[in-house]
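Two complexes follow with subunit A in common, the first pairing it with subunit B and the second with subunit C.
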Partner chain A sequence: MSKRRPYVRSMDGWWKKNPYYVEYMVHEGTALFVIAYTLVLTVGVVRLGQGEAAWNGWLEAMQSPLSIIFHLVLLAAIAYHAFTWFKLFPLTTPPLVLQGKKVEPCAIVRAGWTAGVVAALALLVIVWGIAA
Partner chain B sequence: MSEQKIIEIEVLRYLPESDQAPHSEVYKVPFTDDMSVLQGVQYIKDNFDGSLTFRWSCRMAICGSCGMMINGIPKLSCETFIRDYYPQRISVEALAHFPIEKDLVVDLSGFIEKLEAIQPYIIPKEPRTVEEGEYIQTPAQFAEYIQYTSCINCVLCYAACPHTALSPDFIGPGAMALLHRYNMDSRDGGKAQRMELAASEDGVYNCSAVGYCSEVCPKKVDPGNAVNINKINAGMDYFLRFLSPKGGAK
Partner chain C sequence: MKTRKRSNAPIFWGLFGAGGMMAALFGPMLVFITGIAVPLGLLLPAGTMSYANMLAFAQNFIGKGFIFAVIFLFIWHAGHRIHHSLHEVGIHPGIVSKLLTYGLAAVVSLVAGVALLGLGF
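== the complex of A and B ==
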């Protein structure tokens, strides 16, 4: 008779067992802050559709101290999410070969950051231009 | 002569015939600076408890047998040195996410089944006879997949990937890297068969890009990249079937 009795270890609290998993969970968790910010903006669009008074009310609400603190928290969380998201680029993109050489992971991350920052600045300039 | 240094090695023991659950035992092991953790564990077996069970073979990081959780991190114990931990205690445990067979030996049968399932061999596009000669491949075509041929099936990537335990049927990073290796081979014609598995419920979409598999890989195979590339490939198969009825997913 077999004496085999393979023991299966519990996965409870698995993500607390390694700093790498903790970073992963924080990365995934900060995605919720991205959702929260899209909700804030969506409410703004809805209020805009409801007329000038509603829109001004929303603008006023955005300027309250609580709202500013909330936005600072969102900014920090979304910045962390962006940082760890760009870090994942080499894992998720197919290998790039330029002039017969494989592009280094850090170059892929840098290219991602550059594209992200350029896009954000371009958007800022365009919106600024329209507003002016 | 310098004084003999002693390190404490805490081993997670599990004796299926007598234990209900694993328990820790601490051994005081004398060591020299050239000793690996594997040699430390061998010292315990030779001097303290002959029943301690673990796998090893080559001692040079190529057979892939001696993977263990060393201070909670999946590593090949033959290329991990005691001196790097001294004077802290080293904890040694069977590879995570696998059932423990005994002490540091895990049950690999699930992994072997997955490995078989991805058909890790060339399925020729057109079978050739000996008279017709060998299958020709250019260095550029070889370069497409050489990275993935370095896999030694040490399964450290499975011990790093929480999804292999949370979804036990997930094909997992190592086998997916080998699936990708054969799909990328210009001599191979089995991609359509393998992609059915890659795109299935047991396939690539179990991965949520934790990325730790690639981090711990001792051979720089980057299995996480292979899994994620095949998310794109499986997605392309799914959508391209509308354009190309003969190709893509079934």
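== the complex of A and C ==
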């Protein structure tokens, strides 16, 4: 092994030095909250399979103040995921051409946000319809 | 001629994209319904997520498929995103980052899939 020990600049906290990178780390970090929500749902599915008492226990746990606060945080994080997911569309999707003209980036973003709101409301109406 | 190994990356990027889209379209409302509205008794009819309702939903072919699609795509989206973001905090792509992220996604998919199939049709 070489005895040479060249100086390597530390990269710790590199992203804190620029607001653009802070935002990048925050929107990538929303994935942690998506994981947390997936785990909540998976536990729910498992409890559902264990019978009515187990399911009601899960429902009760979801009513605790801590769970409500936790889900408010999840809601904020996953809504931010949705906001940035569509905001990055001009960078992440291939160029869209309609009638020989390139679609403006802001039009793509606005269409994405609109789709997000429509899908959310549609889901609420469908759940209402099934439950009623 | 040397045959080149086909990359498996497009599969994981595909799951990332599909899951990210699903989470962007339905994630916030799902969290609101299951974590806030139903527990607090807001907006939706009483008993929206009662045992009978949820069992019927999870035994229905479409309902079961929807629950599995949400869990499966959300976890593979998030796992892939974390796998790549670990690089930013000094954990470079390798067996450790894959076990932490894709490993978790595989375990959660399996647990959810087995539980959902166990509920019957």
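To be clear about the criterion, the second predicted complex is superposed on the first by the 120 of 132 C-alpha atoms of A that agree within 3 Å, B and C clash if a C-alpha of one lies under 4 Å from a C-alpha of the other, contacts with A are read in each partner's own complex, and residues count from 1 in each chain.
Here, a contact is a pair of C-beta atoms (placed from the backbone, for glycine too) under 8 Å apart; a residue touches a chain by one contact, two chains touch by 3 or more.
Computed from a prediction, not measured in an experiment: that's the story for all the values here.
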| item | value |
| --- | --- |
| Which superposed partner A:Met11 touches (first subunit B, second subunit C, both, neither) | both |
| First (subunit B), second (subunit C), both or neither touched by A:Lys3 | first |
| Per-residue touch tally on subunit A - higher for subunit B or for subunit C | C |
| Partner chain in contact with A:Tyr20 - subunit B first, subunit C second, else both or neither | first |
| Partner chain(s) touched by A:Leu41 [first = subunit B, second = subunit C, both, neither] | second |
| Subunit B versus subunit C as contact partner of A:Ile130, first or second or both or neither | second |
| First (subunit B), second (subunit C), both or neither touched by A:Gly57 | neither |
| Which superposed partner A:Pro94 touches (first subunit B, second subunit C, both, neither) | first |
| Subunit B versus subunit C as contact partner of A:Leu74, first or second or both or neither | second |
| Where subunit A meets both subunit C and subunit B, residue numbers | 11, 14-15, 28 |
| Subunit A contact footprint on subunit B (complex, rising order) | 14, 16-17, 21-22, 72-73, 96, 99-101, 107, 162, 165-166, 208-212, 214-215, 222, 224-225, 228-229, 232 |
| Touching residues (chain side subunit A, partner subunit C) in the complex | 11-12, 14-15, 25, 28-29, 31-32, 34-35, 37-42, 44-46, 48-49, 52, 55-56, 59, 62-63, 67-68, 70-72, 74-75, 78-79, 81-82, 85-86, 112, 115-116, 119-121, 123-124, 127-128, 130-132 |
| Residue ranges of subunit A touching subunit B (in the complex, touch as defined) | 3-9, 11, 14-15, 17-18, 20-21, 24, 28, 88, 90-95 |
| Touch list for subunit C against partner subunit A, complex | 19-21, 23-36, 38-40, 43-45, 47-49, 51, 53-55, 57-58, 67, 70-71, 74-75, 77-79, 81-82, 84-85, 88, 90, 104, 108, 111-112, 115-116, 118-119 |
